[in-house]
């Protein structure tokens, strides 16, 4: 190893190190480059894109009515079996019995947000919500019933 | 999980200074639950034995009971860093049997998303590898750019990591109106920041010394061990599926297959860094030329693949992913096999790590870019 | 080489093998007893040079098992699929781990998932399944796991 | 102008007026003990916070900002957390050694405080072999690491301890040689005379390029001596999970942590004393007005300012570079630093004999 | 304060760490279980002995260091008086370093400075 090469190596190495230090030094002094978001503080300003897939929800109107007919397409199409439809028999005004959903059970813990249920729903009864704070202490709390208690099917939805 | 009796029989520490040490499943450098049983002499590695299966979900078995529309979404969880490309392989394989014309717009969208995913994956790899080597700062800098990609993904696909954007025949929904603007912003950001990567790592003398000549993999070994992706290309094996067996519109695009001939960790590192630039090149070509038209082809609601065998290979961020579907003519695959790049790339670890130091192992694992769910499937 | 050329070449030195051209690649059915020399010829023949084993798997057809080898050549870029029928009750086949090193891990995977015994394999042990795994091989069609499997 | 030394003198006079000699001594000892303990605690808190803020700003983050104004009390919260954690002793560990090691680490760090000049004429013990004392005591700190690593009965710890053994003994050489350059120039080992010799200018300015080289060597060696990245072989969290203190938890871990930071402070203060004049203010030639203004700043401020500047330098290095491999680390020492500092010492000797320095 | 400060410092160090550990002992009630006593090895029980005979390479480093460190100690008194002695001191130390350097080269050639 010649002396020239030895010194050259040492110098080149030191120069490359100084370059890296210049870069970090730049960020140390330029606080405007900081990209951190103060998450729980900025909850109100957070805007999630409208396509964000957070969880499956079933919209209800003001009369506590939903659009689910209980056709079970979502249950069939789900890759993970995270939707279960439980039926009951509604008594219609004319005395006939009509099949309607009792509970639409949704297992958020099994859901992969693939959107297949929403796409395949013939009556647009379910949609994806823009929520993302799903953490709970008990896994059972992730098992959700989508239709509200005593809710009914909307008129005109077949 | 481990074979206690066997190992103690084989390598009892009878005064030769050998030490059996477990790296993983809970180790900061394995990035997942990879378990390596390492025989050490001093600091020198004598043997590495991977033990897998900590997160094996048997996706192949799961897919046998899912329809052709459903099984695609399970595969996002294999190599979660290139989830979109996994899905892409699956839909391509299904489309082979469907004989359906994919609209050009859908093809371009898919390729754009593929390349964005590839950049995001390499970005994460870059940061995580630097962190393994002890430099923490690059990790955060890499995440800054990766976050921009994730935001684009979130806006268009509705999710940040496992996008589930592909469906047989095209993509789920059209591009977001903001897409082009956002991607251009990202390109600008990337170009402004990319020289920092060189300053922080690529030119750093410590980094070069850590990587150079470490874990040398010869071209013949790379082929024999079935390596693919940047691992094989670092050894000078031309294996880019996008070039050799082009799918979608890759044959119409101008980009180079990055090849390095040294076969050491530094070569693998350089391949990935240059690959990011190639992906940028592809995105630049496409972003202003997205054709108008449908984003999804009309397909039957219930998909049935004709009886036969279908194999589709794509280039993920880690290498060649193969999807092998055997259909019996029903709505579900009879048997499905995923040839994951990580599995073959992992098998080479023992070969290249022998004789190296334990610190070299970190560099090698970093440049092999192991994603454990991809290996375990 | 095209499918036809490959077929001609292979028929020359292995007349017993049968072909199936339905898929995108040439499928060759080989008997288990002449499997190893066949594979060696594929790998070492100058004109074929199948040096890249990119997929190795097994299919359970309920009556028998089929080993499927997807081979490719990095030199000529042609592909071929080799299939070997195995007895389901006592599946045994010669290993190819010394021809293509990647087969070592893939064969270990097939060994635990399908129960295929690879003769002369350098290190045939469980890779993915936990030590002391008892019971059936998970990827066989008759495998049921009442606890972990989700039935739709 | 008030200064530490005046306060100390006044206190001493007041105490001698009140009590007899023995009691004065005892009270002074207690006060000194309390002072160093509080210095220790404050240093730990401040340095950890500083490290976290520096690293955050370099990594385009904000850093701790929740506990207290601007996250000032974050380290206090961390301390409380570490305090209420259980200190587990592994079942197969060598219990005596295992529990003794953190004490030893703290004792070594504490002993090193003795000859440091925190202000002009303010030292606990102005020993006449001050520099030699520091070199001797600081080499003890490797023993605590070796003890901790070996006693843990953990393979990672053992590897970390052995690595750190080889590393620290190696770097002691170039650290010693770079210290010697100043000793040659001053001709005394006493800290106070080293400080006094820089009244007309700091050695880094007075001593030409060789002293600057010695200074850089010292910084590198000091980083390695204190086991900090990029020389943190003993911890190397991505290779050895946590190295020699893998098995330590709770307060015992906190003591190692604290000792590390105090060691950083000590080597930086030694660097400041040797090369940057310690508590001496900055004087430039004949600029009377400027020198006067500089004199007005208390000497302790000068000392802490210089020390913290060096600490910042070490942190800057830590958060920029990847870790070296152990053989490269030793190569750097034996192939580069040691020959360079040996030749450098000869050059400095020539300069000193020729009286070329200012 | 003089040499008595050493006693103060040692007592302060022991008191400081002792009190800190004592407080943490008092604050919490430790539970006992078997897993806690196991050494951490990434969540897998340790295999084989930890205290094995290590490679002699580690020992060589210590030996080489010992030689150099003793020489370094000799340098301290020299450094103090070097300036007053003058050129003789420089000549002397060059000879000293030369001998040391030959030893260093020998160790290097023998591979003692190669990490095993």
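Letters A, B, C, D and E mark the chains as written, and numbering starts fresh at 1 in each.
Operating definition for what follows: a residue touches a chain if its C-beta (ideal position, glycine included) is under 8 Å from a C-beta of that chain, and two chains touch if they have at least 3 such contacts.
For clarity, every value in this text was computed on a predicted model and none was experimentally measured.
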Required minimum of steps from chain B to chain D, each step between chains that touch: 1
Contact pairs, highest-scoring chain pair: D-E
Chain nearest the overall C-alpha centroid of the shown protein atoms: B
Where chain A and chain B are represented by their mean Cα positions, the distance between them in whole Å: 24
Distance from chain D to chain A - Cα centre to Cα centre, in angstrom: 50
Centroid distance [mean C-alpha coordinates] between chain E and chain A, Å: 55
Junction residues of chain C - those touching two or more other chains: 150-152
Per-residue overlap in chain A, given as positions that touch at least 2 other chains: 17, 20, 23-24, 35, 78
Sequence positions of chain D contacting 2 or more other chains: 58-61, 155-156, 241, 319-321, 326-327
Complex interface listing, chain D residues touching chain E: 25, 28-29, 32-34, 36-37, 40-41, 82-93, 102-103, 106-107, 109-111, 113-114, 124-125, 127, 131-132, 139, 150, 152-156, 158, 162, 165-166, 169-170, 172-173, 176-177, 180, 183-185, 187-189, 241, 246-247, 250-252, 254-255, 326-327, 330, 334, 338, 342, 345-346, 349-350, 352-353
Sites on chain B touched by chain E in the complex: 1-2, 4, 7-8, 11-13, 15-27, 35, 37, 41-44, 357
Complex contacts: residues of chain B adjacent to chain D: 19, 21, 27-29, 40, 43, 130-137, 139-141, 144, 200-201, 204, 206-207, 209-210, 357-362
Residues of chain D defined as touching chain B within the complex: 55, 58-61, 155-156, 159, 163, 229-230, 232, 236-241, 319-328
Of all residues in chain A, those that touch chain B in their complex: 12-14, 16-17, 19-20, 22-24, 35, 48-49, 51-53, 77-79, 112-116, 119, 128
